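Each structure below appears as structure tokens.
In what comes next, chain A is part of two complexes: it sits with chain B in the first one and with chain C in the second one.
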Partner chain A sequence: MTIPKVRQHPEHLEWVGKSIPRVEDPKFLRGRGNYIDDYEVPNMLEVAVARSTMAHAKILSIDTSAAEAVPGVVAIVTSENVTDHVNPMPDFGPSPDKHTWYCLAVDKVRYMGEGVAVVAATSRAVAEDAAELIEVTYEPLEPLTDMLEALEEDAPLIHEALGSNIPFHRKFTFGDVDGDFAAADVIVRDTLHWGRSGGQPLETVGAVADYDAATGMMTIHVNSMSFTHFLFLLANTLRVPSNKLDLQPHPSGGSFGAKFFEVKTATIAAMMARITGRPVKFMQDRLDNIANGDHHGSDRYYEVELAAKADGTLLSTRYKVVDNYGAYIQFGVGQHGNSLAQAVGPYRMSSIGYDLTAVLTNKCQQGAYRGFGSEVGNWILERMVDLMALELGMDPVDIRRMNFIQPDQFPYFIPTGNVYDSGDYEAVLNKTMELSDYKGWRKRQAEMRAEGRHVGIGVCTCQERSVFSATEFWFWFDEPVAAPVTSAPESVTLKVDAMGAVTATLYSNASWGNSPETMVAQFVAEELGIKPEDVSVVYAGSNQGMPATGPGGSRFTIMVGGAVEGASQSIRAKAAKIAAHLLEANEDDLVWEEGGFAVRGSPDQRKELAEIALAAHMFKHSLPEEIETGLEASHVQDHPYTTMPNPERTNLGVFYPFVGHASHVVVVEVDPETGRVEFLDYAAVHDCGTVVNPRSVGGQVIGGTVQGLGSTLYEEFLYDEDGVLRTPSFAEYLIPSALDSPTLRVGHNETPSPYTPYGIKGGGEAGRMMAPSAICAAIDDALGIRIRRLPATPERIVEMVDAANS
Partner chain B sequence: MKSPPFEYHRAGSAAEAAALLGELGFDARILAGGQSLIPLMNLRLAAPAYLVDITRAPDLAGIGADGGGLHIGAAARQRTVELHTDTLATAPVLSDAISNAGQVPVRHQGTVVGSIAHADPSAEVPAAFKAQGGTVTAQGSGGTREIPSEDFFEGYFTTALAEGELVTAVTVDAWPAGTGHGFLEFSVTAESWPIALAAVLIHTSGGKIDRASVVLGGVAEVPLRRPEAEAILVGSTPSAEAFEAAAEAAAAGIEPLSDSFGSGAYRKKLARVLTRRALTTAAERAGGKA
Partner chain C sequence: MSTHDITVTVNGTATSASVEARRSLADFLRHDLGLVGTHIGCEQGACGACTVLIGGRSVRSCIMFAVQADGAEIQTIESLAPGADLHPLQEAFRRHQGLQCGFCTPGMLLRGLELISDNPDLTAEEAREGISSNMCRCTGYQYIVDAVLDAAAEMRAEED
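On to the complex of A and B.
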């Protein structure tokens, strides 16, 4: 693929850009959302999973006799016989045969909370009663949770078949790293540690499976359907033909990445449905989700060096990264592709060194969490830029501003090979300075400090890459693991019925608590000249479906926008033929305006879409022969802009090309005696290209920022050295509420993408990708410390203050 | 997260509740607001075979003050007690403590006596009750008895109640005019469990402290009285120095455990900071009243 053509965006847009109310709200606010846990079918069983109480142990025997005797128990599957029923789970990691995972632990348990048995019973309560009675005899093995210890020669092995705990190591060099470091006047170095947090959706993952032995059809209702073109992998796991698997999507009550290709819950429900011959529901509870949800976020240790000239010109960054993936590595090191997509941030730097080691330990495995690893890269880079500013005695705003990629330099290829499509970083920074009253706060800060108050101000300027290409799942390896996948498609079908009413069918589980139906309604309204509230949005099951990837990597709005655009073009093309016939005009003389076709120069001679649709549906034989009945079109939107990596992997190609930007300014007051951080002000300006719905993007920014706050100050899946998960519920795993959150002031800047419909860029992960950098900088500024480890809990802040004072 | 099976009983009076407890035996638990017990059951950390619900017993619902102090029945909801004029007049430290205990909807369900009987050493209400002082009225098959607040808390979730006894009411002692109180806690997030707290009362007379009570929560197996700190305060003039000395003494002898919320060392440090700040507030309030 070459560079796509630069689009001319329309001057005037009727619906794109308007803060219309979410079209999803009425059903959700009335409790009619049809969430998966509300989905009940007759004769349905429910399951509970018995979980490992050990971090690392061989399973010697499992006694289910007491559990089987509980009235209401229908079937039990354990670690000892799970491989009789299912194949391994889908795995995009390196050498999946060397760290195989199933829906239950097999032979040994590799982390506390891993499933060892599943009970299907007449109710969840009965299933839990029985699960408690399952007796597992373990032979304990040495637990391993520390990622640096995992690298040692004599470390206990998590997967014996792998022969080490390192499923992946590779040193990448993009550009002349050594040359840039040799030319540097100043090099700053630091070690930084990003702690493991994760998305905490209000609704956990659930599935209701129903197997029809007569037809062989396995139907699974899920709240986590994505990657429909990869569902043959799930069919393989379930041992059903791929054309006998049908996933039916239900809206999900939040994901934040935590439901990204989550098919283990569906696997467990489906396995038990086939065994029992009855419909089976598996609704994760919070413990299931936290301990065994396969979606913990990044857990990284960095040694970083940043090189610059004496005047503050940034040259190069060298990273040595170790990432603690936990017991398995389902998505490979895709989280690091996200970091490399925007490795230089908004700054001109000519080279990047990236030495990446993935390790396996006795923790739950990683998955996706809002940012998918790029939020970590942002934090590291911004920490280092702040350190460089300190080293050079520069203002943190000035050093950023002087290194910005300039508007006339786009499209800008960064050393890793990815492209930044467009941007105006200085405009965003200027707006943020104004919105935050940065200068005024600096003045007030001085006054407050004179009163003995510990007030700090933090600034960050960060990227938000959007719309991943699936190359990032395999460009790590010399040889593609599977085929050279280059697209992550999204499809839509638009049907204009005989009355001219439009139905849009979506093919992934787009509803993650975001606003996919609102987006689609706005696009259809824009393209077909109708009102958003008149668009009906429905979801198709996977078996009748088209290729779709669903949300992830801030892709959905752009991709579905392209799909709607393509389908609308087909509809208008057919409608033009019909209108030309009805108007007895030449098709070339017709113009599309305000939802109908008119003869150019004779606006009275026109046919509305509804009239055309009626003819298309009812009067085929009055129309030219080549026109078939109906007015419906589907469009598969493939990735608009991606290129292949080079064989040496010194250039990874274009894989995340639509790159937004944001600047946050945070003002905090910190209590040095308790470590409490209080927000005095928070201003954020985001540029995600053309904004489809300012209100919903604003919501994304606010929610993402609060999640970023959580990752910065509180949230951590804490495993002690024995591998015991110390944070198995919301009593211990602390998430910020409204009471802990600043009142955000949000601004938008719009630098359209030249390559996407309307110029949209993704904005769904914004906030979380910026907040940690700005908040840490503010706390540092307040106390004269340097945060090197997240979360910076109150206790850790107090320790840093005490260390600085001693 | 579903509770194991249990049998539900509803008592119409204190006497009926006591009778049911006696009849059902060791495996029976009193259900009041359920804000601690029910989550523990759903987490399968508690599995009582029988619950005896006392929230519909009219003789347990009362709240009111007289010369002897503030009387709170076992079914009185925290929110009711928190906002009651008698509490604000007689035991404002209890009102402050309740206002920190969970969110408003939780306080509409939870009971003051339930929190005291549950005896979580990190909880707000037991610490405030012990700081101000009072008595627990226990009723069993053998009749009723009064247990001083000082003797009630024996360990983690363990009290001086005998088998078959329930708490029917507590009485919080009144302190004279010239009393000020301070209640401060530290929790990592606004809605998370406090990891340390301080409940203090001081009474001043003639510019000097003549009576002091300092109790810490979250640092030991019970709400912990700090007599060394009280000894420093009594006889001294309210001052930053006195409060710092008392706070240091309050924290000196404690050895809190570590958990996922914070280390023992951090809790110890918080205990000192919170005590000092609570005393400062208490002194301002005592001065205002004098």
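On to the complex of A and C.
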């Protein structure tokens, strides 16, 4: 694949760029969201999972006799017979046969909370009663949660078949790292630890499965699993033919990555549906989700070196990373590709060294969380740039500004091979400084400090890559996957009915707090000259579906925009033929304007879309012979810009090409006695190219920032050295409340992408990718400390202050 | 499991039912009455997604037993806009995009209604503190605060 052509974006847009009220909202405001737990069918059973109470133990025996005797219990599957019913779960890592993962633990448990049995009963309460009566006899094994201990020779093995606790390790060198370090005047080094937090949407994951033995069709209603074009993997797990698996999407009550290809819940429901011959619902409770939800975020230990010239010119970064993946690999392999997509941030650096060791331990496995690993890379780089500024005695703003990639350097290829399509980082920074009154705050800060107050200011300038290509999953394999470059497609069907009313059909599980229906309505309105509120948006089940990938990696709006654009072109092309016939005009003389075709120069001679649609549906035989009845078109939007890694993998190709940018300026006051952080001001300016719905993007920025705040100050899935999960509920896993959250001033800068419809770049993960950097810098500035570990809980802040004072 | 006969008035309609002693009010509303707008997020009273009003006061229906509601007047999200028009608070949430995934929204709306009814002139600080009882994982709360304030102003104007 070559570089896509540069687009000419239309100068006037009717609907793209307007903050129309969201199409999704009326049903949610009325409590009629049709969430998965709202869905019930007659004769339905419910499921509860019995979870391991041990972090690491052999399963010696399981006694289900007392559970079976509970009235209402219909079927029980345990670790001892789960392999009779299903195949292993999809595992995207190298050598999945060496860390085999089933929906229940097999032979031994590998983290506290892993499922050991599943009960299907006439109600959830009965299923839970029975699950509690299941007696498992364990032989305890030495627990292992520390990722550095996992690397030691005599460490207990999580998967004996692997022979170590390292499922993959790879050292990349992009550019002349040694040369750049040799040429450096200053090198700063640090060790940094990003603790594991996760999406924790208020709605957990659920599934309702129904197996029809007569047809062999397995139908599963889900609120997860967007990857409809990867569903053959789930079909394999369930041992059903791929054309006998149908997923019916329901809106998600939040995901933030935590429902991204979450397949275990559906697997368990489907397994029990086939065994019982009845519909089965499995709705995780909060403990299932926290302890066994397969979607903890990154958990990384870094040793980092940043090299620069004496004037502050940044040269190169060396990363040595250990990532604690937990007990299984599942989907986590993409997380470091995400970091590598924007490894130099917005700065001109000519080389990158990246040494990754993935480690398995007795923790729950990782999945996606808003940023999918790139937010960690942002935090590490910004921590190091701040350290360099401190080392050189420079203002943190100045060192950033002088190293920015300049507007005339785009498209800009970074050392890893990925491309940044466009940007104007200085404009974003200047807007943020203005919005925050940075200089004014520096003055006020001096005055407040004179009063003995601990006030700090933090600045960050970070990237937000968007629209991933699946090539990033393969970087870590010893042997490159012998496959050509793939796409991660998105599809739409547009149907104009006989009355001219338009229905858009989506094919992925797209609605989880983003605004897919609003986006599609705005795009269709723009393309077909109708009003957004007149577009009907529906979702197809996967068996009637087209290739689709859903939200993830800030891709959805761009990709569905391309799909709507393509389908609309087909609709207009057919409509032009019909209009030409109806107007007795030459097709070449027609112009599309305001939702209809008119004869050029004779605007009165025109046919509206509705008139054309009526003819298309009802009067085929009065139209030219080649025109078939109907006015409907589908379009598969393939990844617009992706290339393969080179064989040596010194260049990973283009895999995340549309790169937004943001700057946050944060002012905090910290109480050194309690570690309490109060936000005095928060300004955020984002550039995600052309903004489709400013209020909607604003909501993503603010919400993402507060999630970033949570990962920075409060949230952690904390396991102690015995492998006991210390944060099993919202009483310990602390999500920011309204009182913990700042009021943001949000600004937008628009640098349209040359390669996407309308110039859109992704914006959905914004906020969480920036906030940790800016907040940590502000706290450091307030207290004269350096945060090296997240979350920087109040307790840890007090410890750092005490250490600094002693 | 023992059962108990209860009578409750839900959204103005009196209902009698026989419920298990351990049936939570949230499960009773959702499964026995089909009022699925009351959501369950944590089942330990932390998140507030299950908030309903009893006698005008917000309660967490996931940590209240249905039997405890015997004789109570209960208001759920389904009562807010029985017809075609949304309630002014719902309209304000829509205008300000005070929601994203919609899961916390019914609880947030009922809590917001209680706050405005307690103090029609509430300030931004009071609104923010008031909704800190309920978790929202999407919005970062800011547009919810805006919506509550705007709705309060509108409802004051309607009163005049």
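In this text, the second predicted complex is superposed on the first by the 798 of 806 C-alpha atoms of A that agree within 3 Å, B and C clash if a C-alpha of one lies under 4 Å from a C-alpha of the other, contacts with A are read in each partner's own complex, and residues count from 1 in each chain.
By our rule, a contact is a pair of C-beta atoms (placed from the backbone, for glycine too) under 8 Å apart; a residue touches a chain by one contact, two chains touch by 3 or more.
All values reported here derive from a predicted model rather than from experimental measurement.
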First, second, both or neither for A:128, with chain B first and chain C second: first
First (chain B), second (chain C), both or neither touched by A:94: neither
Contacts of A:699 with chain B and chain C, given as first, second, both or neither: second
First (chain B), second (chain C), both or neither touched by A:726: first
Which of chain B and chain C A:794 touches, first, second, both or neither: first
Touching partner for A:714 - first (chain B), second (chain C), both, neither: first
Touched partner set for A:545, first chain B, second chain C, both or neither: neither
Which of chain B and chain C A:113 touches, first, second, both or neither: neither
Partner chain in contact with A:30 - chain B first, chain C second, else both or neither: second
Touched chain A residues, chain B compared with chain C: C
Residues of chain A contacting chain B in one complex and chain C in the other: 125, 285-286, 729, 731, 735, 737, 739
Residue ranges of chain A in contact with chain C within the complex: 19, 21-22, 24-33, 35, 37-38, 40, 125, 199-204, 251-256, 285-286, 512-515, 695-696, 698-700, 702-707, 729-731, 735, 737-739, 741, 743-744, 767
Touch list for chain B against partner chain A, complex: 1-5, 43-44, 186, 188-193, 259-263, 266, 269-270, 273
Complex interface listing, chain C residues touching chain A: 20, 22, 30-31, 35-44, 46-47, 49, 76-78, 80-81, 86, 90, 93-97, 99-106, 109, 128-129, 131-132, 135-145
Residue numbers on chain A that touch chain B, as the complex places them: 123-125, 128-129, 132, 285-287, 673-674, 676, 714, 718, 726-727, 729, 731-732, 734-737, 739-740, 793-795, 798
